[in-house]
Amino acid sequence: MCGIVGVSGISDAARLTYLGLYALQHRGQESAGIVAVDQDGTARSHRGMGLVSENFDDEMLASLPGDVAVGHTRYSTTGSTVLANAQPCNVNTRCGPLAIAHNGNLINAGAIKHELVSRGAIFTGSSDTEVLVHLIARSEAATVEDQIREALEQVDGAYSLVITVGRTMYAVVDSRGFRPLVIGRLGSSGIVVASETCALDLIGASFHCELRPGDFIRIDDGEVTHLPRLAPRPMTRCVFELVYFARPDSIVFGKSVDGVRRELGRQLAREQPAPGGEVVFAVPDSSNAMALGFAEASGIKLEYGLIRNHYVGRTFINPTQALRVAKVKIKFNPVREVIEGKSVVVVDDSLVRGNTSKELVQMIRGAGAREVHLRLGSPPITGPCHYGIDTPTRAELIGATHSVEEIRQFLGVDSLGYLSLDGMLAAAGKDTGYCHACFSGRYPTRTPEQLVQPRRDTPLIPTTA
Amino acid sequence: MCGIVGVSGISDAARLTYLGLYALQHRGQESAGIVAVDQDGTARSHRGMGLVSENFDDEMLASLPGDVAVGHTRYSTTGSTVLANAQPCNVNTRCGPLAIAHNGNLINAGAIKHELVSRGAIFTGSSDTEVLVHLIARSEAATVEDQIREALEQVDGAYSLVITVGRTMYAVVDSRGFRPLVIGRLGSSGIVVASETCALDLIGASFHCELRPGDFIRIDDGEVTHLPRLAPRPMTRCVFELVYFARPDSIVFGKSVDGVRRELGRQLAREQPAPGGEVVFAVPDSSNAMALGFAEASGIKLEYGLIRNHYVGRTFINPTQALRVAKVKIKFNPVREVIEGKSVVVVDDSLVRGNTSKELVQMIRGAGAREVHLRLGSPPITGPCHYGIDTPTRAELIGATHSVEEIRQFLGVDSLGYLSLDGMLAAAGKDTGYCHACFSGRYPTRTPEQLVQPRRDTPLIPTTA
Amino acid sequence: MCGIVGVSGISDAARLTYLGLYALQHRGQESAGIVAVDQDGTARSHRGMGLVSENFDDEMLASLPGDVAVGHTRYSTTGSTVLANAQPCNVNTRCGPLAIAHNGNLINAGAIKHELVSRGAIFTGSSDTEVLVHLIARSEAATVEDQIREALEQVDGAYSLVITVGRTMYAVVDSRGFRPLVIGRLGSSGIVVASETCALDLIGASFHCELRPGDFIRIDDGEVTHLPRLAPRPMTRCVFELVYFARPDSIVFGKSVDGVRRELGRQLAREQPAPGGEVVFAVPDSSNAMALGFAEASGIKLEYGLIRNHYVGRTFINPTQALRVAKVKIKFNPVREVIEGKSVVVVDDSLVRGNTSKELVQMIRGAGAREVHLRLGSPPITGPCHYGIDTPTRAELIGATHSVEEIRQFLGVDSLGYLSLDGMLAAAGKDTGYCHACFSGRYPTRTPEQLVQPRRDTPLIPTTA
Amino acid sequence: MCGIVGVSGISDAARLTYLGLYALQHRGQESAGIVAVDQDGTARSHRGMGLVSENFDDEMLASLPGDVAVGHTRYSTTGSTVLANAQPCNVNTRCGPLAIAHNGNLINAGAIKHELVSRGAIFTGSSDTEVLVHLIARSEAATVEDQIREALEQVDGAYSLVITVGRTMYAVVDSRGFRPLVIGRLGSSGIVVASETCALDLIGASFHCELRPGDFIRIDDGEVTHLPRLAPRPMTRCVFELVYFARPDSIVFGKSVDGVRRELGRQLAREQPAPGGEVVFAVPDSSNAMALGFAEASGIKLEYGLIRNHYVGRTFINPTQALRVAKVKIKFNPVREVIEGKSVVVVDDSLVRGNTSKELVQMIRGAGAREVHLRLGSPPITGPCHYGIDTPTRAELIGATHSVEEIRQFLGVDSLGYLSLDGMLAAAGKDTGYCHACFSGRYPTRTPEQLVQPRRDTPLIPTTA
């Protein structure tokens, strides 16, 4: 997953972009970058591995002048964890200097890359976004907008994009609308584009609108122009944004994330009650709202059973397994008084590999719980995401390889209850079409397996004749 | 405030100390240090400005071998923010290599320092702890233990200490018992001393006992020996540890911090109800348990109205005002759906200067609150702490300079309710004697104003005769 | 100027490359980089701003496994001082992973870049080397070698290159032979390519041969294959390599650099004697050999009149004027005993802007010199270098804008003597054809002024139709 | 060895001190530090491991305001390589804030430290300088000057000191005068104290005088006051300062270092001619002047046979053997043209362990030398220095354990010639008394073996009675 920000029409755009990225830090901690464009059209950039606050300080931001800027926080979806894959991409093309920040994942990037390479294109990293840049640069369309459109017509998958070409900014969301993108206004002429509304809030911008699937807009001198939309497709918003990824204070897909999560918790209580439960508590902080909803609907008393160490990052997001294990051990501590001798209901949003939850359950038992009942605010994850979330392979997904009873035994809980697919979608809102492929296996696009994949890194040209 | 850790009788003591400091990071973020003593009695140390995790990595910990170690995290109480004041102190004395980690504050350090300097003592920093080291080193008592005792008899104020002399460790708490200190056991021979039980939990040690006021113990080869206690004084445990400072998952002064905070919240609801309130929420995370208690007792629905950015540190603890303001703006974001159009009750633990709360209230009103009712889980703070908490001067304390109605107007809330002193002490538990000087002005020791203070840094000796 | 290294056919190639770059540090201090290719053909790279030793340590080198590696040290010739211009370039192309290290400068890069961009090519930096990579990748020739050849046929200017495509290495020198490149052997199968022989010495490789102008070779599994040579052109070796740039312990263009410089000094003494001179000394260390030659031929006693601070870098090489001034002041100190009351002859290799020399002369006078006679081992520099040396613009070249007498007055010396063009070429060796364009204005290629230059950074495509 | 600087009576004293330390970097590369005192008498300091330029930048220097400053560069003489031993010491005493920078070594520091510790003194590091600080602080004399004097009367050994107490500066040299210390003037009121005159040159100060053995001066508001001198002792200036340590552009002990070294070279040629030698060259740069003198007196032609890599530090000075070996391999490269087929005379200043020279000789033979004749500008080193130079133990000194013929065989040279003790002293100047203990074994003080040494780190006080 990634967080993207664009700022146009207001001075010190890089500094505002920094604030926006700061608010979107939960969407990616692997790398951070900003490209700023000044009045003369000169683009300057900085990218680095790690957090936004680790890579940018006052001096660095001062070296990125201009009233147009694009920013990106990344965690690895495709491509490995190296600086060459950090975004925004910032290159010179026939359209002028071009910067691009991409949230999502293109499923046919491999095939297109193979084709581009055979026609002499050069790739500096392994990210799918670079494919898009080449398609734009090579398009022979008459205007920049048509070049972008022509490029987008060739790719398939998930993309919410902020692009600058010279001093003009574009924002676009793929026709299925997998990933969110919102527009805000700041002062008389400032326009802000961001993955979530929480970025607008920190920047101090007012919410203007959310891009619908297929929306393609141009931003120039404080003016937002809607360009013709991309060819329509069935809407498949990513339900996992609402279940886990987005910040609860954001409005995503027209809904309060907090409100959806509370409804997920209530629905979970209705579907998977925990009759003998004496207290219910969340795995903080991602499941706080769900636990609140569960308590409301079940009548079981809400407590804070786990205390989170504020000096640790978010588990899900770190790229290596080794680090995750180490961090889990130091992330939470149980509150013995709340737990001891009780039958406790633990609410979590989802279950990926199961290892973290197993350790948590052991910790809770160690604090004296008489019974542990785990309730999950989403169905078993049975397949990978091809649209931008870095889920592991099917073999590592415990929901794909084990029955609920087997998982219950593995975790060592007295009972285990998953929310149903229908229950989740009902809570998320029937008015919206969702992608729930990682739960249901119903992928809205072709899957990588269905695409003929060229062998990676095989040269097309022999060294000697 | 500071966090202190001692580990004895178990290999890789520095690594365990690191874990303990990690769990106590909330007690001080200004500097961190570890001294380790190996089998030959050689002491090695590292200290640095900033967080524990910023100063220690695997390589650094490997360079601190030994089965005895002392650690410290600090924020400035006395002395300025410089490396020279980072602890543990680590010096060579006639008793051998001595390391000391101190939580608390000595009120007569200035006068003793003046006296010591006039007798030729050298001071390398400005911390009060250095005074104690000199007193120990200069004592002519026959044993190390008597030297320490003789030194402690001369100082007044708050001190929980872990001291190593050679390979022997001592732990001691002043006779009034201002600051907590607990003992745990790890494996067959490991002894762990720490400010709070949450450090034992992360290290994996089992809770053994909490030091009572005046307790003085020696730890040697896995053996804990109780030495004669210090001369008794009335017990004045710091009530602010329970209200704000300690982690909720800790047991402090024999009580669950979480449990006390919930009772503070319930008592607050009884004393200061908010009749028309539709939702109640905490200023996370320090007030979570209080808000839960308030909701329980008041029947008003608990919500999560403020979302905390996980990538920021704790406001109270940073040494400069400039940084605090900046961080407040990026620390919280309101959840509009929870707040909009409602009469909201906001629960916070205490009010220091009032600036942060004022900004918070504005943010909450900006998210559409119809009415804002602020409820505080402690009385107005009317005076500084002389025992280790870095409260500002009286002039900066809004509770010392303004009436409750004036504060209400300053903050811009519809109603403001403080918990009473009696209510706070009742919730904290009548069985324990507390220091509540910062609320009541009743200081258990002489105050600095009552002590004749020597002029600081005035040389006693002229350059020329 | 840049230093380049290639290692093939021997394990730990990155570590050997590091040593080679270390020995070539004098050729560029702005950035350093290494690309290593392992047995599977996977290429890994690291580049950074600053010295080789600042960018690479044991851990970093261990992360670059493989028996094929390319390295580069750079100072800015074309392109600005940013990481995006650091080499080696490392990209994926239709030929497979391609890395390239370039010493020299292409004079028609701008025009070709304009053409490439109009055909959809993307540029990530502003270096001329990137043009070459695109030309190779886009060539439709049947083999990699023919692709490289086709690309080289389109560019004009100076290039000594080490290229890897997959695990195959190529080394090539332009047909005029501006820049040096040598081949060495290490062990039974190791081949080393480097800008100067001093790199072979440090690596421990034995000298095998120097590439002649137009040589194009392939290195594979310890085998060196001579491919058909590039189309011949008149040989124009850069004479400034011998005068100033190369290390005196290197063999360059078949000659001992030290030997040439001594002959330059002798010739200088013959052409520009200093009759009343009592002592002669060098501006260390670049003019040491010249001063020795001058002393030999003139019979004036050699001394060490200037002591160089070992903790400073080389003046000529730092990119900004501000830094140069600051460093000059701290670089040399005169030896009063040698200078005081004497008529001194100071030998330097060349004069660029004249500011540094002026300061030097003032320092020498301040140390009590009765007379100062400056002798320069090369003619006045009257024009910029277009082939890889970062000389300033003509307006800044004192030799281009002032007469010898004016320069003498500006510097404040009693006499000033330049070596003649013929004298310099005679000392360098009549058997070799040299480029002396910066002295004589006789450029062996078209100059940038003669090429129609496209306007830089002007987009070809409008934003809207 | 160490370099020390004091600046008084001129604003931005820290910046001038920085320049002075920069010029004295050759005297110590292990750590660097500056203490500055402002108009109010507030002392601020920074110390760090490594070079001056690595520890101080503009921002750091700006944080050290004031018109009085003391600086120090260190390599380990006594005490281990840790920050706690970096100087200047900066402490608060009864005289006020005291800073001290020490060049030299106290031979009875151990015994005094033992005594001080038994009287309750606390030591934070293991350097001998800390002993002096305690003695000053504990002295009960009536004035600061008498306190310093009383302290100095108790210590024996080598010390050149710059001390500040409040805003008053003192400079003092022990009565034997082991280490140099000079005074310069800058502007109308600025006074500069430094180890060598090369520091005055870089600062821009004019040379005023050199301190004689036993000189004790006070510097206050641009005024230099000579205080009564220390009790006289036979003068024993360190001859090794002239042979190796000082920079050739300095005036040390009233002599031009360059001039002395040239005379050492001439004397060496007279005592140890090399009849068949065809060329003579130095091991650069420390032996440059000696080789020049040798060439002059012998008539053998001077050449540059070894090229030094400018990007490496000085061999002698790095604290660990491992690093030295690694650096030697990358420090020099032979010039084949100069050496090949010739009988070469290599001039070096001295021989310590012999390993570096052995490697050098192998390198020179590898470059084709027919014969190698090594000539050393000082006698065999047969014992350690107790006065501040970090020579290894006797067992490691090849001159102490092997005959000249054995050393010749070990090094693999055709002939080996040492300068005689008398020859060295004659070249250094008969007018000065020298310490030549490391060559002759005639130590001017008691040696550590002759002093009863207390066991290190043994506590005096039992833990329990």
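Lettered A, B, C and D in written order, each chain numbered from 1.
Simple rule for what comes next: a contact is a pair of C-beta atoms (placed from the backbone, for glycine too) under 8 Å apart; a residue touches a chain by one contact, two chains touch by 3 or more.
Model, not experiment: these values are computed from the prediction.
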* To do: Please identify each chain that touches chain C as well as chain D.
  => none
* Structure fact -> With centres defined as the mean of Cα atoms, the chain at greatest distance from chain D is chain A
* Counting in whole Å, what is the centre-to-centre distance of chain A and chain D, each centre being its mean C-alpha position? -> 61
* Asked: Using mean CA coordinates as chain centres, what's the chain A-chain B distance in Å?
  -> 38
* To do: Report, in whole Å, the distance between the mean C-alpha point of chain B and the mean C-alpha point of chain D.
  => 48
* **Residues of chain A touching chain C in the complex** => 41, 90-97, 117-124, 126, 133-134, 137-140, 142-147, 165-166, 168, 218, 220, 457-465
* Name, in rising order, each residue of chain D that touches chain C in their complex. => 19, 22-23, 25-26, 51-53, 198, 201-202, 247-249, 251, 256, 258-259, 285, 288-289, 292, 302-304, 307-311, 313-314, 329-330, 333-338
